[in-house]
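In the two complexes that follow, chain A is the common piece, with chain B as its partner first and chain C second.
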Partner chain A sequence: MADTIRTGLTRRTFLKSTAATALATPAILHFTRAYAQNPTLKLGYVSPKTGPLAGFAEADDYVLDGIRKVFAGGLENNGKNWAVEIIVRDSQSNPNRAAEVASELILKDEVDILLGAATPDTTNPVADQAEVNGTPCITTDCPWQPYFFGRGGNPAEGFESTYHFFWGLEDVIANFLALWDHPGVEKKVGGLFPNDADGNAWGDAELGFPKPLAAAGFTLTDPGRYQPLSDDFTAQITAFKSAGAEITTGVMIPPDFGTFWAQAAQQGFKPKIVTIGKALLFPSAIEALGERGNGLSTEIWWSPNHPFVSSLDGTTAKALADGYVSATGKPWTQPIGFRHALFEVVSDVVKRAADMEDSEAIIEAIAGTSLKTIVGTVDWSKGPVKNVSKTPLVGGQWQKQGDKFELVITTNTQAPEIPVGGELALLG
Partner chain B sequence: MEWVNAIVQGILLGGLYALFAAGLSLIFGVMRLVNIAHGDLIVAAAYLALVVVQVTGLHPLASAVIVVPLMAAFGYVMQRLLLNPTIGKDLLSPLLVTFGISVILQNGLLATFTADSRRLAAGGIETATLHVLPGLNIGYLPLLMFVAAIVIIYGLELVFSRTSLGRAFRATSDDPEIAQLMMLDRRHVFGMAMALSAAVVAIAGIFLAIRTSFDPASGPARLLFGFEAVIIGGLGNLWGTLAGGIVLGVAQTVGAQISPGWQILAGHLVFFLILAIRPRGLFPRMD
Partner chain C sequence: MAGFSIQRSTRTSRATALVALLVLAALVAAPWWAGRADLRLLGEIFSFLALATLWNLLAGYTGLVSVGQQAYVGFGGYALFALAMFLGVHPLLAIVIAGIAGALIAIPIAPLLFRLQGAYFAIGTWVLAEVFRLSFAQVSALGGGSGASLPAGVVTGIASERFVREAMIYWTALAIAVAALAFVILLLRSRTGLALTALRDSEIASESLGIGIWRTKLAVYVSVAGLTSATGAFIFLQKLRISPDAAFSVNDWTAYVIFIAVIGGIGTIEGPIIGTILFFLLRETLADLGTTYLMILGAVAILVMLRAPKGVWGIIAERTGWSLVPIRRRVVFPQ
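Let's look at the complex of A and B:
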């Protein structure tokens, strides 16, 4: 992807960006926004509002409403009050579209900070556009390896103007291993990894699951990459049955997991623990599985039980999630906290930036962030690589309490500050 | 036994593909229309079934009593209002209209039902299974879908060969102008064909909703295998569509048994091979 962007910086892109500067120049000569009565800070935000990834952006409207209220009085920078305008664009779950709207936000709307969220299909094209144009950019909600290496990042150099906060593959692996450390379960794992960015990363022989699993004494049966939206998982089920797998893992989309899970029952495959990334994130996905959703386990990036508060107004994780539930009548989802945190970071950056007119100064302020947010501490000086800050990750299980499913945190070995809510129950 | 199991599951999968493809095959046979919105109509039917189940409390399979006539009516109106005005010498315009219907359906469903993945809970039948031999289980649901596909195709064949409506379909398909001269109202005949296709779509939608979770964007993926089944089986031949579905299903499960990476590819390769050797499909019935 980074290659296409780089080759994309040809005469046309160059002309476009220089044209934008040329147009802007007379304005700078007369007066800059900073001298205007009410300077306005423009934030561009790209997320997959429609399309297959829309679940990740479902809570955007609610979060943005809250943020707009907080930002209504403007943000203080160097004793001056900046009005805030948030321009929202839909990526339509399409990376090309994401790049297009990001480029429009930068060149046409001339946003000061570009924001993006949800899966490599959004974060990567958005960040690539920002990097090419030198626009400050903060993204979240995508494991850092696909973000960093997927964009051709070099750990020695990093990126200039684009920053990201989320957890990484190593955290998922550590959490899953902790979940599976159960005396009643044999250490035999069946892996379901699709042929997409996530599946290839998780199943990668060097950087993915196989090595750490072997090191922890687990045997992994990985029949190979399947095509997403497959209608049949007989081959995998047969392989898991003959290997005697008692644990099933993978990173799947909800329809694939639904197909697999029904076929597993039809063909008599009964694992004791099923821990799947991505497919089991949203309460709606679990509700859809009915009784068969009870006891499935997944990674947890954020929950109402996380002991964190918003740096904007002291809202607790629980209050934020409850607010969403009462406003929409829908169950809370994990991205809510991360969307909120994205704007917490923006607010903090604006407060600290030496000069809001200078994108260099804004980038410097982003890099210098050390902020306790509603999803944990965001601090780019401590990242695994430059431009990446890691937030805590725990693991847990969907457990039926009354007539509703609750996501209960059952392992916190990777983030002991987040309390455990219960014990992992084996599937019947 | 692994291979036997793979082939048996492949045949059952073929029933699913035939179910998805039967409506497509019918429409193509009667009016030479490639319905790009077919997959989205299946998903729309799934949502309709969801609403019916939530409102009436019926069992998902019983909801067909309401969903099938509603979808048929919707199909008729859609054909009369949106598609008929564009049908003529030009093959491209109706194709583009179905493309537009596809986009509108997807976004309309997204706006109404959000992006949450949904599913119809059908109780015990979802996981019930028949132990045929050690290592060979046949799920009730896949078996039911397979039987449904056969019954539906048999029913459609009966309509085509025994009823005056079927005669009108065949006449319009053979020569629309002469059929018009024989006092057949082409607009109505096309409307009825779409209604019949939408009724089959309704059944496919209900089974889709029970089988796995779906969301507003899951329609287009349903279209591709449907097309392949129609073309493998031969254009205009409904039993051929079933055969095409089975060929595709078995190719996929046997491919997956070799390596899961081969699953989809094996299906496409068989499709390609048949297209290369018999460009008109296995059992063509029309030019």
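Let's look at the complex of A and C:
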């Protein structure tokens, strides 16, 4: 009997000590790394490389190539040179997969900073995994309300380790209102808001479009949330026609807008201004609409005409966009600037972090960022809420110039430093 | 002729039982020998093993080819979020409750689906999953179409120490996979198992032999729904975030699961285990190839279906005559 008890105790002690060693191992590894000749900083980056959101990550390879060249010589931190390794993972446009690859980057690759981009379907699962594990995380390319409130954020507390920079709904609303301020257009708006993360936020009675539109004297016809990938917008079109809407707005995915816009033509609904978020961002989406793509308007987060330069190497917005066009033969897209800016912030954080071995210190450095990037200033001390920093937003219109569509900035009331490129033309 | 006896276990099956016990012991001890990332990956592997084993019971043994099991995965996930966020139920307890809730909700659904046969049943289950997806997209308390994140506090509330917490989550996954496997094996060894085998081969013939078809199918469907819901609850405890499209994803929770069962071998216990291992080997080595990876998966599935309709285990079993899990009954006459 005594024997059994003794072995039991021995086993337990053994397990305990093994567990303690196992627990301590990462700390020991970290300790040795700091004194290594060439310590390596690991960055994990998650984006939708394939799937329906692939347009957002189309320019990733080009931007990452440029960034890898800049980081080739390593980054300085406290007089020590850190080699940089960027591990890229594809979310397949699937939030389940995004959560899985993010957790793999944290647990298996043990990245020092986790990065994520493009729509709540990527930023939110990535940031959630980072938050639970206390990993420093920077995301972009998703309006801040779906990011912050969509993750159950509390403005008083914020998040521990996850930070985000982009613009917000209030900026979109202000820009859209400025676009619609036209003497030849009645202040009657039809709203198309889907039942998804963006649609629910934009259509929200308190935080979304309805209140500011009413305050600015617009009447909004909102037939309710439609299910994404809908094939019939007759109910909405009928409601807009009977309300006499001259403006149409919303936040749609490209296939839904294509369906709506074709049915609007069939059913004789002819708004004078159509300003849609998300669906009209990419040149490919506009080209798919043919002639009817001309004159549609949208929000502009970044363009080659933005008067900003990269903090890494002084590249101008124009040079970055032109480089992409000449390297790929494709038209420039808005995410290019934000991908570049994401790594600008990382580089700046590494320079300032008190101790690269300590994730607390990295988080502190992120929170203390005040950096002029290629998309504007990123500064988390001025955010609308904790953990969020806002970049400037303007509005504009797709105008046919020759045989190509150009996205022309037509309103800059929210960011006067960005020059206007033309005037808004009403739809025929 | 009186001296015959029924034998079920074979020498291989007894050896397998021993090996399985050793493997199980090693897996139980995994928190002490595996890294954090390995534990998490194992957790995911176990959840797919459970889903594939359960789907295999439906399709391979009961003849209920469902392409809508994501209905219960998503239901379980949402049940976990609702219980943990609104009622403050301990997440691990919530997994059990989600399982019971999944079984309960399957009881009124089953009679509706059983009115459909074959391909119509398959489509019916998919429609059901879409109904679930659209319904949960309307519940604004759970984030509607936008989805919701599990507050970090719910997860850290499992246990304050990270090692303990991750070990507990891991053991939950292991328990779910073992429970699913044990359930299927024990069921198939029971009287119901015999009825199921008859049912799969010919519904009309088995009914004429006095098997209560409807009751047997109902019991299997409901219990599979319950276990699938519990697995779903666990999956979304690891994902931390739920949205209707992710929860009721036909690709993630049914297409991959069918792939696993098909390449492993439908209608065998060993099939889903081998299929799960193959699937994760493919994923861990090829997932970075993007769309090419999905095309390879598709090609593998087509190849296996054409060249080896019984799956990888089917080939092995045919060549060697092995039966690792003692389900089959053999009549033995004394020499």
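We adopt the following convention: the second predicted complex is superposed on the first by the 400 of 428 C-alpha atoms of A that agree within 3 Å, B and C clash if a C-alpha of one lies under 4 Å from a C-alpha of the other, contacts with A are read in each partner's own complex, and residues count from 1 in each chain.
Everything below uses one rule, namely that a residue touches a chain if its C-beta (ideal position, glycine included) is under 8 Å from a C-beta of that chain, and two chains touch if they have at least 3 such contacts.
Please read these numbers as outputs of a predicted model, since none were measured by experiment.
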(request) Look at A:D403 in the shared chain and tell me whether it touches chain B only, chain C only, both, or neither; answer first, second, both or neither. (result) neither
(message) For A:K108, using the defined touch cut-off, is the partner it touches chain B, chain C, both, or neither? Pick first, second, both or neither.
(response) second
(message) Contact-wise, after the overlay, does A:R225 reach chain B, chain C, both or neither (first, second, both, neither)?
(response) both
(message) Per the contact definition in the header, classify A:P146: touching chain B only (first), chain C only (second), both, or neither.
(response) second
(request) Pick one for A:Q236: touches chain B only (first), chain C only (second), both, or neither. (result) first
(message) So in the superposed three-chain picture, is A:E206 touching just chain B, just chain C, both, or none of them (first/second/both/neither)?
(response) neither
(message) Per the contact definition in the header, classify A:A265: touching chain B only (first), chain C only (second), both, or neither.
(response) first
(request) Identify the partner contact of A:T50: answer first if only chain B is touched, second if only chain C is, both if each is, neither if none is. (result) both
(message) So chain A touches chain B in one structure and chain C in the other; where do those two contact lists coincide?
(response) 50, 195, 225, 227
(request) Within their complex, state which residues of chain A touch chain B. (result) 50-55, 57-58, 93, 195, 223-227, 229-232, 234-236, 238, 242, 254-259, 262-263, 265-268, 282, 284-285, 288-292, 330
(request) Name, in rising order, each residue of chain A that touches chain C in their complex. (result) 15, 18-19, 22-23, 49-50, 89-90, 92, 94-97, 99-100, 103-104, 107-108, 120-121, 124-125, 128-129, 131-132, 146, 150-152, 160, 194-197, 199-201, 225, 227-228
(request) Within their complex, state which residues of chain B touch chain A. (result) 2, 5-6, 9-10, 13, 16-17, 107, 110, 114-119, 121, 126-129, 131, 137-142, 211-218, 221, 225, 249, 252-253, 256-257, 259-261, 263-265
(request) Within their complex, state which residues of chain C touch chain A. (result) 32, 35-38, 40-41, 44, 134, 137-138, 140, 143-152, 155-156, 163, 238-241, 243, 245-246, 249, 251-252, 287-288, 290-291
